[in-house]
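Look at the two complexes coming up: chain A is in both, with chain B in one and chain C in the other.
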Partner chain A sequence: MAASISGLLKPWTPRVFLVRWSRYNPYYLEPEVRKEAYIKPEAELSAEEKEQRELKSLRPIKAATNDVTSSVFNDPVISKFVGMMMLDGNKILANEIIAKTLENIKRKQVDKYHKAPEGTKEEIECNPYAIFHQALENCKPVVGLASIQKGGKFYQVPIPLSDDRRRHLAMKWIITECRESKHRRTLMYEKLSQELLAAFVREGNVIKKKLAMHKMAEANRAYAHYRWA
Partner chain B sequence: MSSFLFQIMALQRLSFRLRQTATHVRSLHTSGCGQQQAAEAVESEPEPLSVFRTRENDPACHSEQHMGQYYTLPSTDIRTLFPHGLPGRYQQQLKTFNEACMMVRKPSLEVISYLKKTDFSKPSLRYLFYGLNGTGKTMSLCHSVHYCYTQGWLVLHVPDAHIWMKNCKELMPSSYNDTRFDQPLQASDWLRNFRITNEPFLSKIKTKQRYVWTKRESTEEGSLLGQLVDQGISRVKSSSDVVGAVLKELRLQSGQPESDFRMAVAVDGVNGLWGRSTIKKKDKSPVESDELTLVYNLKKLLTKDWTGGAIITTLSQTGSLYTSRFDYLPQELLGERGFDSMDPFLPVSVPNYSEKEFESCYLYWMDRQWLQHPQSRTEEGKKEIIFLCNRNPSMMDRICASL
Partner chain C sequence: MAAQRGVLFQEKVSRLLSKQHGRPVLKPNKPLVLKDEVANRRVKRGGASCVTEISVLMACWKQNSFVESVCSAEMKAFYSCVDEAQAAKKNTSELSGVQGERLPPKQATLLLKRFPNLRTEI
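Take a look at the complex of A and B:
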C-alpha cells in the first residue's frame, strides 16, 4: 500500500505514518553508512544500483541515528543488543558492559588457547564476536507460542516466528537470565560472558528455556489449527 | 647498510663454529655483551626470532637496535621482583598470554645507560619519568628496576605513593612521635613485599643501632635486617616505625665502603608525597603529608644525602588527588614544595608510541591471538585503531581489548 501511495507523497506532505516511534514520511530513504558502497566507480555499477543512486540524488534521506557508524567495527546485531540492555537511556554504560563482556570472553578463550596442547589449539574459538553470534543463533527458538482465545478459553498455540521476533526473544531471554539469576556480587559482564560461553556449547539456562518453549509447542500441536480460528 | 651486510657475510665465512658457540653463550647470559656482538650479528641474519621479539632477555645488554622489540621476563623474576609493582591490566595480560613480555623503549634505555655509568661515591642521582596519561611511565620504571635487580642491587620499590595518602582504614597515632600518624596495614603490606624481593640481602645486612619497640621487645645492635622486617610483619602495630628503621639503616649503610650492596629506590607516583591527602583526623581536619610516618621517612630517603645507588621515580596523574586531569609536567604535579625538594633531578619524557613501536605492539598482539575481530587485521582496521587511540599505549590496550 505504501508503494502505491509513495508516488503521491511529497516531503512536505503532513502525513505522519507512525511505525514504532519513527515519524518520518515513507518518502524518505534510509541512509547508507558503509564506506564500501561509495568506493565503487561508475563503471562497475549494475543497472539497479545506478537507479538507486539516481533516486538518492533526488529524494530526501533520513538522518542517521547515533548508534550507526561508518567504522569497520560496526555491528548492527551488537548495537541492537546494546539498545536492549540499556536502562534509563544510559547507552554509555550499556556499551561499556558489552565491551567488558567481549574482552572477558576473549581473555578466557585466549587463556585456554595458550595453555592447550598443540593438537587442540585449532578447535578453540577465540573470536568473541563469532562466539556471540553463534550463541545467539543457538538461543533462537524455531517456533513460538501465541495466546489465542477460542470458546471462552485461551489456548497456547504454536506459531511460526519471523526472524526479527526470534532474534528479539533470544536477546531478551539472555538479558533477563543474566539480570535475575546471578549472585548478588557478580557483575553483569561476568555473568553475561558465562552465559554466552555456555550458550556457545549449547548448555546453560537460556538454552533450557528455548527447549522448554519447543516442548510446549510440540505438546500443543493439536491446537495448531486454532491459528486460523 | 651495505658495509654492515658485508661484515655479516665476512663473519659467516670466517667461523661457522663461532655461530654454534655463540648460541651457547647467549643462553648462559655470561659476562658483558662483548660476546653478544657475534651473536647479535648472527641474529640479524635472515632468520630472526621475529620483527617484534628479541632473544636478548638481559636488560643490561639492551641497546638501540632492540628498540621497539619485546623481550621476555622470566617468571621467577616476576614473582620475586614484582609482587606489587606492575600495572593491573599488565598483570591480567601476563596471566592470559602465559608469558611476560615488555617492550624496550627509549626512556628506559636512557635511564639504564645512566645507571651503568653511575659513580657510586657521589650522591645518588634522581631520575623522573614524566608524560601524558597512559604513555608507559610505570612500565619504564619496571624495566629500569628489572635492570637493577639483574645487576644484584637492592630494590626498594614503592608501587604507588598515592595509596599511602588516601583510603586509610586504620590511622593510629604514632608511638614514637606524638604529632605523627601511623598506617599499620599499608606498612605491613609493604614490608611483606620488600621481604619477597630482597631475600638474599636480609641475611647479610646488620643493623647499626638498637631499636626498642615496647617494654619487652627490642632489636639489638648488630642483628640481621631480616629480623627487623619479621618484627614489623608480626607486630603490625609497630610496622610503620619498623619501615622507618629499615629505611634509615639502608640509607646510612648504603654508601659505606664496607657494605657491598647498591640500592635502587623506585617510587611510582612520587607527586603524591607532596600533595594533599584525603585522610582526616578525628576532628575532621585533613592530615598533612609530613604528619604520616611512612611519608616522612620516605622523603628522607629521597634527598641527596646518601651515596651508592640511584633514585628512579615516576609522576602519576591518574591516582593523584586534587590535580587537574590535564596536568602532566613535573612543575604542575609536584607543586612548589615537591619541585624544590626534588630539584635537581633528571627528567625523562615518556612519549606515545612511535610508528615502529605501534607496529611492534600490533604484531605482538596478532601473534598472541589477541586481535580477533576479522576487520582489525586489515589495513582499514589498523588505520582506524591508530585514529581512535592516537598511539597512546593505554588507550590502544583498552580499544583492542574488545576487538
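Take a look at the complex of A and C:
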C-alpha cells in the first residue's frame, strides 16, 4: 500500500519514448526489418543486392517505427489495414478489432471444416491471414476513373492505377462498407468477418462496388484517349 | 557584347527615371532588380499509354459479363504494360533535365539563389 501511494506522488513519465523523427534527410535509408533478408548467404546475392548492402553499410538508416517488428506475425498489409481503421489515434482498439475478426474467421472456417463431408475437407481454407489477403486481392479494382477536364467539361476517364492506390481503395471500401451498412447491433469485428468471407468467394457488397467501378470504366472507355500520360 | 548590351540598357533605364527633361517616364516604388527565382511551369503530360490493353480488357469484360477469372490473360498483359510504361516514364523523367535547351525551373531557381542579384549598392 505504501508503494502504490508513493507511486501516485511521482510525476508521470511515459513508458514508451519516441526515438524516430518524422522528417528525415532524404539521404537516410529505410530500415529492413525482415529476418529473411539477412539469412541469405553471400553466394546467393545478385549484383543489385550486393550493391544495396554496400550502400547500407555507408549510409545512415532511419529508426524503425514502433509498429514494425521482425517477428513472423508482423504483416505490413494488416498493419496498414489497422492504421486505416483507427479512429482518434486509438490503435489498441483497432488492433483488438482485427484480432477478434481473424479469430472469428478462423472459428467459422473450422466449424465449416468439421461439418464438411470427407471429400471437400481439403478445399476449405482455415488460415485467416490467407483469407484476408485473398479477400483483399478480390476487392482490388483493376482500372480506376479520373476526372479530367477537356474543352470546359469534366470527363470520367478510365486510367490504370498503381498497386498502392488499388490496395488503398480496396481497404477503404471494406471499412466504409462495414461501418455504414450493418445492422444496428452488429459489432465491427462480426461485420468485418462476414464481409471478408464473402469477398473470399467473390460475393458481397464490396465486390459489387468494384464491379460497379469496372462497369463505369467500361462505359467510358471511349474517353481513354483523353488521358495525358 | 553582352556586357555592352547591359550597359546600354542601364543607360536607357536611367534616362527613363531622370527628371531632367520634364516628368520621369517611370516612377517605381520598388528597386528595379530581378528576383532570385523563376516561375514554375506546368508540366505538360504526354500521350496516353496502354490504351490498346485497356480496350482489349474491356472488350473481354463486356463479353464475359465482368467475370474476372476468364479474363486473366488480358489482365496480366495490362499489368505488364502498366509496369513498362511506369519504368519508361521514370527513365525519361530522369534524363529530361534539359527541356528544349532550357534548364528546368527548379534548377534555375537553385542556381539563382546561390548567386543572388545585388539589391543595394553597398
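As a convention for this text, the second predicted complex is superposed on the first by the 191 of 229 C-alpha atoms of A that agree within 3 Å, B and C clash if a C-alpha of one lies under 4 Å from a C-alpha of the other, contacts with A are read in each partner's own complex, and residues count from 1 in each chain.
Definition applied: a contact is a pair of C-beta atoms (placed from the backbone, for glycine too) under 8 Å apart; a residue touches a chain by one contact, two chains touch by 3 or more.
The model shown is predicted, which means the values in this text are computed figures rather than measured ones.
Participant: Once the two structures are overlaid on chain A, check if chain B and chain C clash or fit side by side.
Facilitator: Chain B/chain C on chain A - fit side by side.
Participant: Quick one: is A:V142 in contact with chain B, with chain C, with both, or with neither? Answer first, second, both or neither.
Facilitator: Touch partner of A:V142: chain C, not chain B.
Participant: Can A:A64 be said to touch chain B (first), chain C (second), both, or neither?
Facilitator: neither
Participant: Scan A:V110 for contacts with chain B and chain C and give back first, second, both or neither.
Facilitator: Touch status of A:V110: first partner only.
Participant: A:P160 in the overlay: touching chain B, chain C, both, or neither? Say first, second, both or neither.
Facilitator: In the superposition, A:P160 contacts chain C only.
Participant: Name the contact category of A:V77: first (chain B only), second (chain C only), both, or neither.
Facilitator: neither
Participant: Given the touch rule stated above, what does A:A217 touch, chain B (first), chain C (second), both, or neither?
Facilitator: Only chain C; A:A217 stays clear of chain B.
Participant: Going by the contact rule set out at the top, does A:V201 touch chain B (first), chain C (second), both, or neither?
Facilitator: After superposing on A, A:V201 lies clear of both chain B and chain C.
Participant: Looking at the superposed set of three chains, what is the minimum CA distance between chain B and chain C in Å?
Facilitator: Result, nearest C-alpha distance in the overlay: 27 Å.
Participant: Would you please give the residues of chain A that touch chain B in one complex and also touch chain C in the other complex?
Facilitator: In the superposed arrangement, which is not itself an observed complex, chain A uses no residue for both chain B and chain C.
Participant: Help me check something: in the complex, which residues belonging to chain A touch chain C?
Facilitator: Against chain C, the touching part of chain A is residues 142-143, 158, 160, 162, 202, 211, 214-215, 217-218, 221, 224-229.
Participant: Applying the document's contact rule, which stretches of chain A touch chain B when the two form their complex?
Facilitator: 71-73, 98-100, 102-103, 106-107, 110-111, 113-115, 126-130
Participant: If you look only at chain C, which of its residues touch chain A in the complex?
Facilitator: Residue list for chain C touching chain A: 44-51, 54-55, 57-58, 61-62, 66, 68, 75, 78, 82, 85-86, 89.
Participant: With touch defined as at the start, can you tell me which chain B residues reach chain A in the complex?
Facilitator: On the chain B side, the touching residues are 92, 95-98, 368-370, 372-376, 378, 380-381, 384, 401-403.
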